[in-house]
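What follows is a pair of complexes built around chain A, which joins chain B in one and chain C in the other.
Then we have the complex of A and B:
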């Protein structure tokens, strides 16, 4: 197998890898700004320079020339090469800044040029703390600046579009954002204008940077030039914890990070997953974070004799729900949801079996024409495929209304969703409704007999199956009131005051939502009924699902890991 | 450039300027379309022809406001942003309305030493405008530009991205302004460097017939 020597370390390679990516894959850090693995290689930041030598060959025979001791004679390229664009070849010898003073010096000088007109306003810059320019200036940059003249001033606070702000002074013209709009999203809304010291990226006159993926340029920007209108000046990076999760606004199940400070989700950024969303995330998936913080219920409620919802204890609410189900018996209808996890929907099915009721289907959230065949889908909930694989079908509103009218349904159990819209409040006047709800804006609350606040995807553990049949896990990013040991362990630490970063100890309890995950609520309701529904946390629930449900064979939390796992294709299942 | 060093501020382009041309005016004629098609064929992809088509548009419309850039983009089936980026890169593409004649006075090193700034100041005084501005009658725009590659005949200026006027003197500037106002076409003048003159037998250019040879040493130095 062909070999290269990098800083004296001999590495084997296959195919024709580019040097920078090859080094990064092998844990050899090289400073770089313009290179992004998903985009073309312009080699314009000049930061990844390395010294490359190739073995000398005899022109006549093609044999590698050797010195007196039998070692190949290495001839170095006359100039340093950009490693991002260099395709490595057998026998090449590469020196990075670690072993070559020349490279170290070149990288320092490049950095000095990049910093000449950079404002160095890190103390007020949103990128500070996770800024490649800042980090690499510390690691590879010069000790100080020799530039003692006026810096070039470029436009600041330019609203490129509804979601992205440009600070042109901070820009180092790596063109990642322009290449993103040209090569990835293909909106062609950005370009670099002017030249030399005056250039910076901007939209052409009369064009707004409003594409549905515009905020990805904020992530690819290696400096603080492009920032989010929404997140600007909201928090410092070191105050927030970052939890891997799944975006819930589309059925694609894009991987994301939830950034939490003081138990509030402050922003959502993409998490690379080559099988699902690569490096990208739709703007809608990011801007939905407020749903985790706002309009959240204060605790369980039960409708009293006066006909209003009254705050009660969890025990009371659960026993009310249980008595409603007991009274209804076979007349209880259960509605699952594409917003709830596979585990919760499965537990709902188990509860229905135990009470003799019937699962009438799951709520799906189709917005026709919304999808674009990429990360945005017509389906606006994360788990309709998971519900289908559990054998549920989308709930049929007409059928359900007919059955409500003829009185065969006397109780309706709604899991983490809102049935008003599919049904009207008038349809549900004669029926006892139990709802697991996320928000106080849930209109089903108007008719609910018992309202049990449920944990959202940012607070629970569970599995979503995206529309391509890819099972992925969500993890708790923030703490809810009375969090169980299962949730705490999943957050990595068992003590609430140890959550968060050293700069954010979460002492403040005002943002702890009084809710419970449905995988605790449903077994509790079953227990109050005297029935037995599998409990013991979502990990064990998933074990049972994989044993009992063909569509989830082989699925386990360990197998899903951070990047998820493909489930067997649904076509095969139907055939079987 | 000197102004920029004193006050290095890059302005934001107007985001939604008033259009200068109506939709009726914004068309390429069939002849121009044929020419564009011919140019596109010269390159592997249509991007190659973008500079040429921008040039054609500038000759047709006088300058390149956003609506003309959109027209160029649609003629080449390229993203408007890309065409805008190319147009702003080159100072020779005029993004704003200019005078009938644009006088690009070189003030780069050689011209500076040989009196480029004197010529620029003389032009400003004579036309009563600041550099970068246009005379009220709309005839002349005076600009300060970087090297135009004619250091051998410094100081020099260029008229509307076309003819060079070499070895400038005050008298020569006066004569040039007079000629331009009379509507005379300035000849394209090419100079051969003194050391090459004997060897090349005059001019090394392939379009030698179209050129007018000057004697060395430059006229300006001879008059001193």
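Then we have the complex of A and C:
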């Protein structure tokens, strides 16, 4: 196998890898700005320069020339080469800044150039703390600057579009944003204007940067030149904890990070996953974070004799729900949801079996024409494929209404969804409705006999299956009141904010939502009925699902890990 | 006897003294397009390239690469793979104005050269990328090109020989960087003129990603001459290692600035004499022999130096585009360098960090020195910046910006030191 020597380390390679990516893959850090693995290589930042030598070959025979001791004679390129654009070849010898003073000097020089016209306003810059320029300037930069002139001034606070703001002075002209719109999203809404040191990226005249993926340029920007209109000046990076999760506004299941400070989700950024979303995330998937913080219920409620919802204890609410189901018996209908996890939907099916009731299907959320064949889909909920694979079908509203009218359904159990819209409040006048709800804006509350607040994807543990049959997990990013040990075990251990301490100015107890995950509520309701539904946390529930449900054979939390796993192909299932 | 041979009796061939030569009828009456006819009827493409190789023609755009060799790099024709010729007429180096003369006085020679090159490499399209500021000559050439099309000298089935080639003219929009071959191609494709990384070289991936050969105007204009007068004539004109007629663009503090056609290998002192000597009888102080980016020579360095690649390299400079700038004894070298640095600052495309930031910084420093506010350490910083820029960018503009700074400071350091504030020594 061909070999290269990097800083004296001999490494084997296959194919024709580019040097920078090869080094990053092997844990050898090289500073860089313009290079992005998903985009073309312009080699314009000149930060990743390295010294490259190749074995000298005899012109006539093509054999490698050797010195007296049998070592190949290495001839170095006269100039330093950019590692991002260099395709490595057998026998090459590469020196990075660790073993070559020339390279170290060159990288310092480039960094000095990059910083002379950069405003160095890190204390007020959103990017500070995870800024490639800041980090690499400390690591590879010179100690000071010899620049004693006025910096170049360029436009600041330019609204490129509804979601992205430009500070052109911070820009280092890596062109990643322009290449993103040209090569990835293909909207061609950004371009570089001016020339030389006045260069900066902006929209062409009359064009607004409003494509549905515009906020990805904020992530690819290696400095704070492009920032989010929404998140600008909201929080410092080091005050927040990021938790790997799944975006829930589309059925694609794009991987994301939830950034939490004091139990509030403050922003959502993409998490690379080559199988699902590569490096990208749709704007809607990012800006939906307020749903985790706002309009959340204050606790369980039941409808009293006066006909109004009244706050009660969890025990009371659960026993009310149980008595409704007991009274209805076979007349209880259960509605699953594409917003709930696979585990919760499966528990709902188990509860229905135990009480003799019937699962009438799951709620879909189709918005026709919304999808674009990439990360946005017509389906606006994360788990319809998971529901289908559990054997559920979308709820048929007409049939459900007919059965409500003829009185065969006397109770409706709604899992984490809103049936108003599919049905009207009038349809449900005669029916006892139990609802697991996320928000106080859930219109089913108007007709609910018992309302049980449920944990959302940012607070629970569970599995979603995206429309390609890819199973992925969510993890709790924020704490809920009375959180269970199971949830706490899954919280990120490095929560620097410790969910806010009493000494933090932002500490606020009201951000702890009084809700429970459905995988606690459903077994509790079953227990109150004297029935037995599997409990013991979502990990064990998934073990049972994988044993009892062919579609989920082999699925486990360990196998899913951070990157998810494909479910067994559905064709085989139908045959089975 | 100099390398240029018997130059006083030299007959001009690139710009012959013929009135209205730009007109097709006059050009044809003078034997124009005969070379093309002979080539198309009686010579194979390989023979044309061989003839060019034997002539020893080297590119006139600045780098001096052997043209025949460049043409032979072109991959052979393959069905479905278009290949292109591009003529670089984006002449914008300060001190260089020779191509403009060719375009004004002898445009058909350029067209003929393009067509011969197209035939030699079996191409069907040649682009002529002209600097946008040459608006008058673009109009002239467009008019003359239309005449050539009418006479069936360009286009389908040229002169009934079955060979077809088109010439497309493209106007630049006023950026120096478009003269760099890869950014010229980007510009031609309608993109922002950022130079491309090499490799791949234009002969592998050029215009629209297809094999492309790119030549300077004067280089292509030499091709018809080689075809009619023979490779031997060309090889024996001027310096042996860098032969041929060449257009010297002479400017600066001299009595008769202008474009002079002579063989290569002329003594600089002879050229100075031809151009009427220094203005006002002053003494020569410095000479930039090949356009603003080549290293400047002090007056005491030009004794016996001839205008060809070897001799100039020995003297510590380069042939470049043969745009010679003579500066007299009153010249303020700091102001000269300030002007040069300002140009490169203004024209840096801004793609690569060292050039984008370095050219501006250099101009700042030189301006400060010129204004009498500079320190002695600024000179060392300037030389440092040259090291930091040179050879670390995609194209050669950073090199072109660094060379004059480095060499002017090195060769005229006293001038600079005098302008700096006196050193403050520790007590």
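Everything that follows uses one rule, which is that the second predicted complex is superposed on the first by the 559 of 576 C-alpha atoms of A that agree within 3 Å, B and C clash if a C-alpha of one lies under 4 Å from a C-alpha of the other, contacts with A are read in each partner's own complex, and residues count from 1 in each chain.
In this text, contacts are C-beta pairs under 8 Å (C-beta built on N, C-alpha and C of every residue); 3 or more make two chains touch, one makes a residue touch a chain.
Every value quoted in this text rests on a predicted model; they were computed, and no experiment measured them.
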| item | value |
| --- | --- |
| Three-chain arrangement built on chain A, chain B and chain C clash or fit | clash |
| Which superposed partner A:168 touches (first chain B, second chain C, both, neither) | first |
| Touching partner for A:155 - first (chain B), second (chain C), both, neither | first |
| Touched partner set for A:540, first chain B, second chain C, both or neither | neither |
| Touching partner for A:236 - first (chain B), second (chain C), both, neither | neither |
| Partner chain in contact with A:188 - chain B first, chain C second, else both or neither | first |
| First (chain B), second (chain C), both or neither touched by A:443 | neither |
| Partner touching more residues of chain A, whether chain B or chain C | C |
| Touching partner for A:198 - first (chain B), second (chain C), both, neither | both |
| Which superposed partner A:206 touches (first chain B, second chain C, both, neither) | first |
| Clash with chain C, by chain B stretch, listed 5-13, 23-31, 59-67 or 149-157 | 149-157 |
| Chain A residues contacted in one complex by chain B, in the other by chain C | 149, 152, 191-192, 194-195, 197-198 |
| Chain B-facing residues of chain A, complex | 149-155, 158, 168, 181-182, 188-195, 197-198, 200, 202-207 |
| Contacting residues of chain C [partner chain A, same complex] | 175, 192, 194, 197, 345-354, 356-361, 364, 368, 381, 387-388, 391-394 |
| List of chain A residues in touch with chain C within their complex | 41-47, 49, 78-80, 82, 85, 106, 109-110, 112-114, 116-117, 146-147, 149, 152, 172-173, 191-192, 194-199 |
| Sites on chain B touched by chain A in the complex | 5, 8-17, 66, 69, 79-85, 88-89 |
